[in-house]
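The structures considered in this document are given below.
Both complexes below contain chain A, partnered by chain B and then by chain C.
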Partner chain A sequence: MSKYFRDIYESLSTMMTGLGITWMHMVRIRKNNVTLQYPEEKWPRPERNIGFDHSNYNVIRTRLHVDIDDCIGCLKCERICPVQCIKIVTEKAPVRGDDIKDIGHVGVTSNGSRKALVVTRFDIDMTECCYCNLCTYPCPEECIYMTGGPNADKHPIDYEFSEFDRSDLIYRFAKPGTKEGMNEVLSKDGAES
Partner chain B sequence: MGILENKFEDNVVVAKLDKLIGWARSTSPWYFQFGLACCAIEMMSAAASRHDLERLGMMPRSSPRQADVMIVAGTVTMKMALRVKKLYEQMADPKYVIAMGSCATSGGPYWQHGYHVLKGVDIVVPVDVYVPGCPPRPEALIEGLLKLQEKILDERPLTRKMA
Partner chain C sequence: MGVVHGEEMVLNIGPQHPSTHGVLRLKVKTDGEIISEITPVIGYLHRCFEKHCENMTYDQVIPFTDRCDYLAAMANNFGYVVAVEELMELKVPEKVEYIRVIMAELQRIASHLLALGVYGLDIGAFTPFLFMLRDRERILDMFEMTCGARLLYNYMWVGGVSHDLPKGFVETAFQFLDYFEPQIEEYNKLLTYNKIFIERTADIGVLPQDVAISYGVSGPNLRASGVKWDLRRNDTYSIYEKFDFDVCIGDGGQGTLGDCWDRYYVRMLEVKESVKILRQALAQMPKDGDVHQALPKKIRPPKGSIYSRTETPRGDLGFYIESDGSPIPTRVKMRSPAFTALSVLGELAGGWMMSDVISILGSLDIVLGEIDR
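The block that comes next holds the complex of A and B.
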């Protein structure tokens, strides 16, 4: 008989212990929950540690971005890309280091180097990119970089950019109309000389 | 897509019913876990408690019969492409596909010299949302699923005014 009541007491007390833990979690839900409420809140992305100072190395794996005004068309990023997802076409500028206002071309970069080439096509296919960061190291003007992290002052972080159409994921950084504009500029130049 | 389509005139009741069906479909897209490579780890992480997908009504199912969304996560080889197609055909309507990661979107790092890799899963099945990344963060996958929710909400299953 006493075993019967002891069993009832034990079952009730263990149940209350378990419910107490649940209740404590419910009361302190905002304090020690683990879930990231994604669309409302975003946490900073962890930066990859490669054993060097983060301020010197561009170490984050997000979308690539190009400041096309600073690009001198040296093709170093295109050559180092292990999957050839960067496509660059350049044309010779009529005058070295000169602005071509018709096509929005800036002659001198922010580092002070005078551009000899006009970039008429700068496409990065982000569906083929493997986010290895190799293209950011050789860039002499530091104009190609992954957004956010150490480059947050240049471009806000962007790592979720899904699209309904695959062709929208090809990012065209060269200014619109550069190719036709460049042909016009060159033909005008040739006609004068 | 379904048996109800093109059976109704366009009026207030049908339009409201359309919206209700779209809302119901968009808030419970159970996804078919099709983890093929490293992206599957991120998909598991998205379903686990840190990026709890079930708070959006998305639940991983292991059978194509119970699933609405197929998340193709990872490198689709030529051998696997036939199975992707077969499993997509076994899913019940309405069905959606998310291509997760570079490999499923366009072949990724194998797009040029990969002799055994399908260059994009959209060759065999119609893809609704492409999630880029190698692999994408769980947040990026959730963003893709939210985009898919918008797409489902815009659909008009009864009057078939596809957005």
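The block that comes next holds the complex of A and C.
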């Protein structure tokens, strides 16, 4: 019988303790304790470029972006990708390091390397991407990176890229018409020689 | 008045059920409210992790280990890289070891916070869940600050970590610990010693020592049954021998040794011990130093095999790796602690009421990503 009343007492007292804690939280409401109204307000993202000696550390996981003018088509990112979401096709350029104006191909990268290949296809399927960041490390020209962070000056952060159709999430970075243009260039070359 | 036996009924819990913690299906044979037999049906989240590994280089496997135990991805990374490094007989710089221990312990706190909070939610206490997730968020913020990801990190690499800790990390971590330690007391007041919670968990689902050992249950579930076994202490790896911490075991504080309340409370105690380890590690960590051992571009471990195990928040995580000297492993086998924890469920739940199954299942803290792999 005494256990019965002790149980009732303990239930009530511990419940009141818990309610007291929640009550105190309600009274002393701090700014960070409340829910943020997401699309209007956003959580502050941690500062990126903190304290790394060289800024090419890409510590952010967002959408992948490729500066196609800098890409030399070495396929290193395609090979390291654990889910094979990067597809690259290249054609041999007629002259190494030369601009091909017809298709907007730039012969020299911003690092000064002369390009021997024209990238006719560079597709990243962001539905398959697992955001492991492995592709950005081996890139010799640092042209594949995740948007924002240390690269914010090149490309602002973009992590809200939902689409209505899945095929819209396949990002095609090669310049449109490169493949057809390349065929034309090559056949012209063949005719001249 | 004897017990009246009625007709037995088979009831399915899951695969889409909020308290099965993922896509788990339980075939429950019931007689009224009393459970007579319970069979877990798994495989809904099977992603061929082990077969995938046979087609990938050693580096590429790491993002996949993240996805096994997605609530403790750092600990899984840690287990895998320790195994590969043992296979290669590689020694990593001291700073890397410290960073790894700090990350693993932060992850342990984050994982336990989610386990405890969700356990409360299963039982019916909603407030502790919100409080614990709020604090877990701060740990995830620290992970985001370090490696850019909040859940699946790919941070620990073979021979080091992907990059150094950012400036101000140590200060942020100390701030977090100072904030967090008083919070543990609050959780205790709010949930641990709540009479309703105790009534739902104490004396329920008792796991005796011998059953736990014979099933191979590990981690907090084993320690709650009173077995003092922690790989960080008993089969030490990395630099855990440098730190001073206790191996917490259950003591049957509110009922029988090895009941649901003990399994819950051991996790709460472990969070405290992790805070202790973190304080030591953050204070002792060398200020400068390289964070990556010089390695060839393609990792080719010598011919041979290794079985290495580490203590994740869920228990004894083992990796068996077989190498033929090529950059691709011949075989990777993962021994997951949550799988053994789930296998003991049939033993535990027999004879209990329907509502107790939820509290028994929640107290085992399973992650389906790891069970199905």
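By definition in this document, the second predicted complex is superposed on the first by the 147 of 193 C-alpha atoms of A that agree within 3 Å, B and C clash if a C-alpha of one lies under 4 Å from a C-alpha of the other, contacts with A are read in each partner's own complex, and residues count from 1 in each chain.
In this section, a residue touches a chain if its C-beta (ideal position, glycine included) is under 8 Å from a C-beta of that chain, and two chains touch if they have at least 3 such contacts.
Worth saying up front: this structure is predicted, and the values here are computed from it rather than measured.
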item: Which of chain B and chain C A:G18 touches, first, second, both or neither; value: second
item: Partner chain in contact with A:E163 - chain B first, chain C second, else both or neither; value: first
item: Which superposed partner A:V95 touches (first chain B, second chain C, both, neither); value: neither
item: Touched partner set for A:A152, first chain B, second chain C, both or neither; value: neither
item: Partner chain in contact with A:D125 - chain B first, chain C second, else both or neither; value: first
item: Which of chain B and chain C A:P82 touches, first, second, both or neither; value: both
item: Contacts of A:K42 with chain B and chain C, given as first, second, both or neither; value: first
item: First, second, both or neither for A:E10, with chain B first and chain C second; value: second
item: Touching both chain B and chain C, residues of chain A; value: 45, 61, 82, 130-131
item: Interface residues, chain C side, partner chain A - complex; value: 56, 59-64, 66-67, 127, 134, 141, 144-149, 152, 154, 162-164, 166-168, 186, 189-191, 193-196
item: Chain A to chain C touching residues, read off their complex; value: 7, 10-11, 13-15, 17-18, 21-22, 33, 45-47, 50-52, 57-61, 80, 82, 130-134, 137, 146, 149
item: Interface residues, chain A side, partner chain B - complex; value: 34-39, 42, 45, 61, 63, 82-84, 125-131, 159-166, 169
item: Residues of chain B defined as touching chain A within the complex; value: 49-52, 55, 102, 105-109, 111-112, 120, 122, 127-134, 136-137, 139-140, 142-144, 146-147, 151
